[in-house]
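Per-chain residue numbering starts at 1, and chain names A, B and C are given in the order in which the chains are listed.
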Amino acid sequence: MTSKRLLLGTGVALAAAVTASAPAFAEVSGETAYIFNTFSFLICGFLVMFMAAGFAMLESGMVRSKNVATICVKNIALYSIAGLMFYLIGYDLMYGIDEGGYIGSFSLFWSPDDAAALAEEGATFDAGYSASSDWFFQMVFVATAASIVSGTVAERVKLWPFLIFVAVLTAVIYPIQGSWEWGAGWLDAEFGFSDFAGSTLVHSTGGWAALMGAIIIGARKGKYSAEGRINPMPGSSMPLATLGTFILWLGWFGFNGGSQLALGSAADAIAISDIFANTNAAAAGGVVAAMIASQLMYKKVDLTMALNGAIGGLVSITAEPLAPTIGNSVLIGGVGGVLVVLAVPLLDKLKIDDVVGAIPAHLVCGIWGTLAVPLTNSDASFGGQLVGIIAIGLFVSIASAIVWLALKFTVGVRVDEEDEVMGLDRSELGMEAYPEFGAGGSQRM
Amino acid sequence: MTSKRLLLGTGVALAAAVTASAPAFAEVSGETAYIFNTFSFLICGFLVMFMAAGFAMLESGMVRSKNVATICVKNIALYSIAGLMFYLIGYDLMYGIDEGGYIGSFSLFWSPDDAAALAEEGATFDAGYSASSDWFFQMVFVATAASIVSGTVAERVKLWPFLIFVAVLTAVIYPIQGSWEWGAGWLDAEFGFSDFAGSTLVHSTGGWAALMGAIIIGARKGKYSAEGRINPMPGSSMPLATLGTFILWLGWFGFNGGSQLALGSAADAIAISDIFANTNAAAAGGVVAAMIASQLMYKKVDLTMALNGAIGGLVSITAEPLAPTIGNSVLIGGVGGVLVVLAVPLLDKLKIDDVVGAIPAHLVCGIWGTLAVPLTNSDASFGGQLVGIIAIGLFVSIASAIVWLALKFTVGVRVDEEDEVMGLDRSELGMEAYPEFGAGGSQRM
Amino acid sequence: MTSKRLLLGTGVALAAAVTASAPAFAEVSGETAYIFNTFSFLICGFLVMFMAAGFAMLESGMVRSKNVATICVKNIALYSIAGLMFYLIGYDLMYGIDEGGYIGSFSLFWSPDDAAALAEEGATFDAGYSASSDWFFQMVFVATAASIVSGTVAERVKLWPFLIFVAVLTAVIYPIQGSWEWGAGWLDAEFGFSDFAGSTLVHSTGGWAALMGAIIIGARKGKYSAEGRINPMPGSSMPLATLGTFILWLGWFGFNGGSQLALGSAADAIAISDIFANTNAAAAGGVVAAMIASQLMYKKVDLTMALNGAIGGLVSITAEPLAPTIGNSVLIGGVGGVLVVLAVPLLDKLKIDDVVGAIPAHLVCGIWGTLAVPLTNSDASFGGQLVGIIAIGLFVSIASAIVWLALKFTVGVRVDEEDEVMGLDRSELGMEAYPEFGAGGSQRM
């Protein structure tokens, strides 16, 4: 029901319908609304862009020091590639789809055409926002999905093959599944699937791709011993992981708030404000719930659980950050926080090695958040939500597995055992993240 | 005079009166102003929210490596708890107060009701901004006050008792004193106390709570020797402390700028712009003054003095960031920077152990900034300012002391001596912030 | 042609002309446009302000641990001093110039006067934006130029002499060259020089000042051996360098987007949106091109090349982020990324020791970006661009050299050899950035 890219005027109308809050009159001129809508996309977009830094810091803090430089290069490269691929082909594939369709149009090199159009005689402001602002906002979402993958498969995946996976994910896999819902394709048209800002479309998509990678690439050497012992491999810098989480939290205001897609009316302004309050509440609920759960289960609070609790709470509210009350948002996020604490050891039992806990936070909570939509939004149904979760889950998993396997049996996806022990920073980059200290430290001057 | 939450229309009118700059006509429609006001709250609010990351990094950098993970978990937890408490009870306690009153209304679970109201026939945009945007903006202020405390009492306070203190501070103590002024209670109504963005209401409040904590909990083991020697315990990461300070500086534009509470007229836009320029000038003045002062006093520039000089300058201008010229702002901030350099050794002489220097920067400069208001704003008087400083100082100190003492004599507020020596990361969390390096480093792989 | 500070109304009109996209009618009221323009300056301004943190982190990560605290204090001090100098004298020198003139007016203590003016009878909103918002936006640009210098001359320049250089650069050198173009001086009036957001005016200016410093101060001890061997001195923290680059990337949306100088029409909104998309595309192109180039040249990807590739791409698009298509932006940025990879070893051959690679990224790419303007903007000519590059290059280089030399032969610019070996943190500050670990680590508790 929440097609992410709306046609002329629909955005405002839909927003008003959703929030049931438009007064009988509107005082905002078309051009003023146009500027507000556009500015909202740009501001929310730069917040989401900054999430790339958040993921980079979270992952830098969660890997061992011998792999930190490599995870940094992966993060800046994947953000870059996501933007290039979405420009090259992704955006048109995602939004150039017929209503109710299954696949969008293949056309290369997206470009905005509204500056010229606006100059023509008889031009109106009905488009509602500038084309590039929407493109920018959608592009940073693609990058987010790709960021999720890098953390899970860290510390053993080869650099260039990983980036090839990112290119395919962001050029083809993400846009196709995204088109089904936000492009107004079949999921949106036929099943009333509802995913406001992307619990499923972004976070679970990244999560499924990560899960397939973790299975196909296999666990880090030594992580699971033959006798079934789990060897902890603690991250190298907790403050960087904490910083990353705070940056993600900040970015999420743009992620969810901007998904209102409009700021051109008081009703939109109210909606975005409610989304800000709910998003924060869910994250707070996730933190506190995860801390309590880890205190109860392990008699200690674990910082990484608190951090992933925040992310789990945020992912959980992302499918529907507008309809719930603040209290319901706390509960939805709190369940997410508990799910993270439960899912982390479960994955370890299954010997699925997820370095940063991205699968619990993004995939498990993404499913939970999507299923929770009908609890507060009567326009959605459990059936419709299930169809969306399963359809996208199957498509992304199968497509990702094909790409991972193709890479595995051609260029290879995993570094040599020896290189893994030495650390990817030396083997892949020939450098060290902390040359003067840390386990890999050798150069001292 | 600057009630922080204004009723219909008053906001714009007051702003205009303060800046004496409204033209005879107004061209902005009510709905457009509504969107501007709301958007300003959201943007300034996310900047202030990000200050939580700033405090986390500043404190991570200023504690020793064996306590870094614990300070991280405290910071993300306190931000979460502050939001939950302000939702649970704080906001209504702060703003549901009769004009001139002493205590607000106790009601649970705040919720916005404006979306429905706006949809009714005859609805207007007179509210001026969305309810949730104001709630969000005020909530991040509460969190800031709590953040101040964690740094001072770091490295020896127990995790859960500290969080209980935070819950009481943000649910009850902060809102009650806040209601006296920003809720239009007695301080605002009877004494003309003026505190634009919270030198006293936010920063001194955090500072008094921190001071009581530092006294009741006591200094870190080994900090002050029996012979009166002060043992320096340098922080583990200066770049993280620097990053934290820059993030705080960034956030302060939202902190002070957003406290204009409106962006719906050119007069408001001018006011916020002047506030941005003055806020920056005061911080810059604080940095340079602190550097010069530490050069003169110690023959060396100290980085932590420069950083706290920035914060001291920012706190100093917060009570009145609009009325001064840029030059006066430099001076007000510069005095703050010098006060920081003077207050740090003074606290040490008093054997009050403030790990990050929060009391000099937030409490001392908060008092100075509040006293300085009448220098540039003729609506304020020294008498009124003193009443506010003393009333809030007494209330917060006594209330905080009661809570700290109650915790001390029940669950205990301080970790065992042995645990303190080992570091809180191991004793409280069972983990390390930098497992591969640092003093506490043991796991190397 | 792009005078950076526009007079009444011209801003909107010019923007419209540049993008050729104004509809026949305008719906936005003068006051609404005024607020939008002002808010855009403030938001873009705080993004650029945050670049100071980006430079601080980038440089902290790229220097050795014994010099990290010093580079932190330099960065927060230079940002502070830049703001104070621009207030003291710089702004009037830059913008108080006659059209076509060579030097602006010397007047002390800039202050805004628009609040009072707006309150007068007959006042209009023709100014287009608040004075302080423009001041703030221009001020953060000055600071950026100064930030570029600190990285190049790190690890051997004395603290206070460096800050004196910064004071002269930001008070006099930057404003004078800036006045020639953005102040509507001779370069703008007579040669049609075009530099939208400052590839030359900001980045090359910083680069020339840095180059002169590197030459006059000389290379770090041991960097170049007598036999011509280049001794690598790897930076102490790759994740901090990565974080710094992401922060710069984020800030650049404000840097380039805000340089549209207006948001008061749909045409402006479209222009800023296109600038966001192009800026991101150029950075992405820079990253990928630098990675491929370093893979081809060295058989390894180098993280610092990827990071500097992003910055090189961003600098390259800064002279003209509006006219190119996204595809052209990728190419312009990509060339910048390759230039970085080529220029870094070239500088080493010339024994010019640039600690962070600022000269390749800011100076070389600044020249490239300025020369590339006529490729996509027919209003600019190669001749005019060359005149601007040479005039500003000569002026900044000569002026900078004079200041560096004056400092060298008076107070001295370089620390003692012994102090350099020990590290500036101990010799200049008497402290350590990482007291518990790192090469300089001595205090362990």
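Here is the rule we go by: a contact is a pair of C-beta atoms (placed from the backbone, for glycine too) under 8 Å apart; a residue touches a chain by one contact, two chains touch by 3 or more.
Please read all numbers here as calculations on a predicted model, not as lab measurements.
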Subunit C against subunit B, contact positions shared by both copies (same if over half, else different): different
Superposing rotation of subunit A relative to subunit C, computed on C-alpha atoms, to nearest 5°: 120
Rounded Å distance between subunit B and subunit C, as computed from the means of their C-alpha atoms: 32
Junction residues of subunit C, two or more chains touched: 29, 32, 43, 237, 243, 434, 437
Subunit C residues touching subunit A - in the complex, by the definition given at the top: 19-24, 26-29, 32, 36, 40, 43, 47, 64-65, 233-239, 241-243, 245-247, 249-250, 253, 257, 263-274, 276-277, 280-281, 283-285, 287-288, 291, 298, 300-304, 306-307, 310, 325-327, 330, 434, 437-439, 441
Residue numbers on subunit A that touch subunit C, as the complex places them: 29-32, 34-35, 38-39, 41-43, 45-46, 49-50, 52-53, 56-57, 60-61, 68-70, 72-73, 75-77, 79-81, 83-84, 87, 109-112, 114-125, 129-133, 135-136, 139, 159, 237, 240, 243, 428-437, 443-445
